Amino acid sequence: MALVFLLWAGSTSGATRARDLGIPFDGTPGPHNAITDVAGVEVGYATLISGEGELVIGKGPIRTGVTAIHPLGKHTTNRVFAARFTMNGDGEMTGTHWIDEFGTFGGPVLLTNTVSVGDVHAAAIDWMRERNPDAMTHLPVVAETWDGDLNDHYGRHIKREHVYEALNSATSGPVAEGNVGGGTGMITHGFKAGTGTSSRKVGPYTVGVLVQANHGNPWRLTIAGVPVGKILNPDETNHFSTTQTSGSSIIVVVATDAPLLPMQLQRLAKRPAMGVALVGGIAERTSGEIFLAFSTANGAPDIDGEIVTLKALSDNAVYTLDYLYEAVINATEEAIINALIAAETMEGANGYRVEAIDHQQVINLLQQYGRLNKKNE
Amino acid sequence: MALVFLLWAGSTSGATRARDLGIPFDGTPGPHNAITDVAGVEVGYATLISGEGELVIGKGPIRTGVTAIHPLGKHTTNRVFAARFTMNGDGEMTGTHWIDEFGTFGGPVLLTNTVSVGDVHAAAIDWMRERNPDAMTHLPVVAETWDGDLNDHYGRHIKREHVYEALNSATSGPVAEGNVGGGTGMITHGFKAGTGTSSRKVGPYTVGVLVQANHGNPWRLTIAGVPVGKILNPDETNHFSTTQTSGSSIIVVVATDAPLLPMQLQRLAKRPAMGVALVGGIAERTSGEIFLAFSTANGAPDIDGEIVTLKALSDNAVYTLDYLYEAVINATEEAIINALIAAETMEGANGYRVEAIDHQQVINLLQQYGRLNKKNE
Amino acid sequence: MALVFLLWAGSTSGATRARDLGIPFDGTPGPHNAITDVAGVEVGYATLISGEGELVIGKGPIRTGVTAIHPLGKHTTNRVFAARFTMNGDGEMTGTHWIDEFGTFGGPVLLTNTVSVGDVHAAAIDWMRERNPDAMTHLPVVAETWDGDLNDHYGRHIKREHVYEALNSATSGPVAEGNVGGGTGMITHGFKAGTGTSSRKVGPYTVGVLVQANHGNPWRLTIAGVPVGKILNPDETNHFSTTQTSGSSIIVVVATDAPLLPMQLQRLAKRPAMGVALVGGIAERTSGEIFLAFSTANGAPDIDGEIVTLKALSDNAVYTLDYLYEAVINATEEAIINALIAAETMEGANGYRVEAIDHQQVINLLQQYGRLNKKNE
Amino acid sequence: MALVFLLWAGSTSGATRARDLGIPFDGTPGPHNAITDVAGVEVGYATLISGEGELVIGKGPIRTGVTAIHPLGKHTTNRVFAARFTMNGDGEMTGTHWIDEFGTFGGPVLLTNTVSVGDVHAAAIDWMRERNPDAMTHLPVVAETWDGDLNDHYGRHIKREHVYEALNSATSGPVAEGNVGGGTGMITHGFKAGTGTSSRKVGPYTVGVLVQANHGNPWRLTIAGVPVGKILNPDETNHFSTTQTSGSSIIVVVATDAPLLPMQLQRLAKRPAMGVALVGGIAERTSGEIFLAFSTANGAPDIDGEIVTLKALSDNAVYTLDYLYEAVINATEEAIINALIAAETMEGANGYRVEAIDHQQVINLLQQYGRLNKKNE
């Protein structure tokens, strides 16, 4: 088959995102194609990158961070309706007993590395108490993925000030991707990845997704239906094995302003699994895949008085719900690929090096398989 | 200890209930002390008792029935918010995938014997379709307990007309107890039991409970804290064994008009386990203990338009919720004991005979242990 | 792009399957590429097709059936380890309270239409009792999808003899696909579908999948990464709407001979969601997606004596588990597409006609996008 | 009613336990009537009591601690089969995503105050890594109840050395109760409580329970069926209100050497709710009630090789299972009352004082209601 390979010149300003390369996605994103397109949501990072060479626990090299997501902005810890789904429990997200019981949570969501969960948890309580001394919420939501390949994670370099930095620097608007925040040292389908985000418009509503992607097997990487991983790794024998280490864990946070009740958010919280599948993930045995969904509508549904009045999407609004489900899947797929596209090659502990995916190669493969966006050809 | 034993003269009219004997319970019941105290709820029965002597499958003896509970009355199958909890899964309640997903169900709840679940399910779809030809609800809620000791259950004597009879005869007001409806052939803590009901007032709200009680070990029967079963069965050795068969299964249906969301009803659906415990139940290995809770507030929460407006109790209404939780526990305890007190001795298949509990003996034991209501002494 | 379109001549004998067309799938199937590749598993059908023209409830036209799956063959109802996962609860699978509690079930799995669940349930109890009079299992596993578009489903044409026919005719070996058994009247992604099956070898183990596929949106149909639905339906506006009705429900049954405990089977039971996603499903609002997984190893794990000795795959057998997870996803994807490829155009109630997918068109599109198997080009 | 009140002289050596007072309990305890009667289980504490008077955050007064439970002793972090049940999610237990997924956990269980969860979590990872540098378990199980009434909890006085102290000092044998470890500052049914334990023999097996009890409403306190709380608080009006603060949370850890699979341990993990009920608890709205059950049989079920051989109790061992369920309920009831009986009056932050229950009063009330053990009369 005769093919003309296109050359991608890169973006002249700002970071590259999957759409810039011509990777096709369904649906219409919001203005920033980010979780912050859901009004009120703010995202902040602390990114710790320092040192190189041999790993000395407590010294470094350091390749880690914290991501903070405020559902209603950093100036309130009021509760929002929420739900979680654990596709694969080889991971941690604290605060989920409360979420399962009450269908709400108050305060930020924090994403970090596996070993720093406790430190971030403790700092989050301090920060929440300072913001709202009367609040009785002492059950912060802290989730993790593993960066022990690139980072001196046992050194537990994330301190209280880093957690505060992520929390206090959070903003709406564009969201950095790749090697930032909790995603700093993460790897997906064999390539450097980390933080990614995307959003979709659904009628009057917006769905936003942020992932901390550290999962997936190299051989199975799929972009826009093209089996990129299989092409790059032609030998499928033992694609699950120590020679092709699968990543470990993906946390997906889904935000929406659609007025959904917790029972409805449970359904949104399940759909990231389908987005993960479209990129080639299978929720590997060692991959903690824990998904959280919240709605900014009905803000603070449990704090005023004896009876509250709520707006909710009817479960008979069948097609609106279908579009919302689809939006979660589409935005999860795009957020993962955004994390891959934005991340840069990183060398970390003991000189361990993880390559970024080659943008031109992705373009060429999509072109070859007739899947590149027409406007990018 | 010197004790004066009181003689109970029985009720001069109507069936005897636990309170009539002076058994103390906490809280204030509604006017009928029945699930029908929740406005809108209607209960109907078909009770099949015929034949005696040797069991011949398909002939009898027949000791079984069907109970129908309409959350919003028999003239509508509109949905109500609902939740279920399975304390012990050795049983069946159909329709729960939908309830778990949407937090609602439409149409009646039907209670019957284990083997008739299919026949009742089929009849319920017919009945619902006739009432509401446009309804797409084909997932009836049918639950069961086992009456194979007294009844020719394999004969599957419950026919479509019996299901219709229970559904169409349902009324508000007083509710028959004991050997009626689905509870006809049931046994609890070694005594004849079956259907029981009770209710509690909680501020402006009402909680009603109906049980189909067929569970519990004779030795563990406890009434108002008095270890009645241990007194009547002094040898505790092997109290779980073939010589003291434990019952099998209790279904508890909890109704309320408090405006609770599905996540809140899940909590109500868990509390019957605590009421079962107070009467001596342990959710025995063979006892299917499946509990359903629904709220008649926000009637038909999903059938009108794209956005619905709901009233809900705030989760910060801490004490109201505590009283609601307590009401479920208290009403479950009383409903089980009501089933025991109301049931009459029954002889069934192959001459198998199950005694009713001796009312005077209960009075005497409570008197002996200082637990009889003062007004009954 | 210059393309040579290939002409598919069809199979000269036997039914066509997805692989025959050159659709690529990962992994190695068993000898029949069917759930029966798991030793012991037998599948039987009753297929009811009669009448045409106007729908008269109780008369027809009839386009429905029953599928029976025996985990350990039709001559035993011994229990197997099992687990279920409900991706979307707009559906029914009976018997799951027991499965959730004990991690086992005994007897066949039966798949039928929504309205016949009760009749099939009742017949299954009869059949199991006749096979094993001492068995106390009266909680059959009956699942459903909706065939009310093509079939007079309210006529409830499935009678006891049809259930027995499916149960008694079950065999190992090749498994018919498409318009057979419970899948007779089913529709997937806008095309006629129904029953499909596939299997995978994983080291010494086999994973087999059988689907009753009645789900999915036409616009989203994806085959081997090629967006077939979007190409055939270029206008993506309102792809969820009354003009492009999404299907309703898919039941997936996963069998394996790998020695997995119930906690491990729960993970297998989640993975069909990822296979559904690869074909374009999103677990639509009205699509009941309930998945069951069982292991034929450790046969009858609870029936002999006080202590049982079990073999189980270690959770540290990370890569074996990964391959098993992947096998479920791959086999689910293939089984759905097999159902689409095998099904033939059907005209049913009121002349409603559902087209089979055009095999040549599928070949052409895969060819066009470079995804046709080399050997088929 | 004429009654002779008995005077309790107290124990001449060692701490008082509920049985010493003549409170009757069912079943036969192990030699220490403690969770450590399950061979292998070790318990250790760090108890922090210092300062008095006004609360100054970071200074004190300090009334808190940590409890460590090693399922297989402090010299291994090998995994055990386990399950958890959340009766009420207003609380935290970390590590439960893993437990829900794999039915195991490795390393200790740590109980502490609500605000110290993060610090204890971080210290636990350090301790586990030092013990077992190759272990990949970084998901410690840390649970909490709230001691903010008596303790400067925001001061987060529990440091890494306290966690190590609890972990390293753990032993088998007798277990201290009351104001020790994580239970130091806890309150139950209006009285000072904290840590309690109990055990039961079930044929060849032992069931042990340890509670950190900080729950329950004063008015509802029930001992051996006697409504102690109602007698001491005759006005039942507003028993749930700010004037009779209900406690907040109870953590129950259940250990057994019976060879139970995770699905079976899930059932054990549900039964503490029934023991809580017998003492008057209702799982109040603000009471986090999270229960963990583990089996020391099949030690380290997932660490050796590809296939493991397991022993498991058959689910057809109906009566053994019934006795195990009952043992959990009985031991939970006794452990809560042991916590109440062992705890001593405490004065803490801002001079807040919580009284111990009056032993003589308990004896008198049980005597009055005919419930005191004969041998103690």
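Observations, loosely collected:
Think of it as A, B, C and D in the order they're written, each chain with its own count starting at 1.
By definition in this document, a contact is a pair of C-beta atoms (placed from the backbone, for glycine too) under 8 Å apart; a residue touches a chain by one contact, two chains touch by 3 or more.
Just so it is clear, the model here is predicted, and its values are computed rather than measured.
Minimum number of contact steps separating subunit A from subunit C: 1. Note: the chain lying farthest from subunit B is A, by mean C-alpha position.
A separation of 33 Å divides the Cα centre of subunit B from that of subunit D. Averaged C-alpha coordinates give centres for subunit A and subunit D that are 37 Å from one another.
Note on chain placement: the centre of subunit A and the centre of subunit B lie 47 Å apart, centres being C-alpha means. Residue positions of subunit A touching 2 or more other chains, listed in rising order: 88, 101-102, 267, 315. Listing the residues of subunit B that touch subunit D in their complex gives 1-3, 26, 87-88, 217, 220, 222, 224-227, 236, 238, 240-241, 246, 267, 270-271, 273-278, 281-286, 315, 318-319, 321-323, 325-326, 329, 368-371.
Those residues of subunit D that touch subunit C in the complex are listed here as 101-104, 259, 261-263, 266-267, 301-317, 320.
The touching residues of subunit A, counted against subunit D in their complex, run 86, 88-102, 114-125, 129, 138-139, 146, 154, 156, 288, 290.
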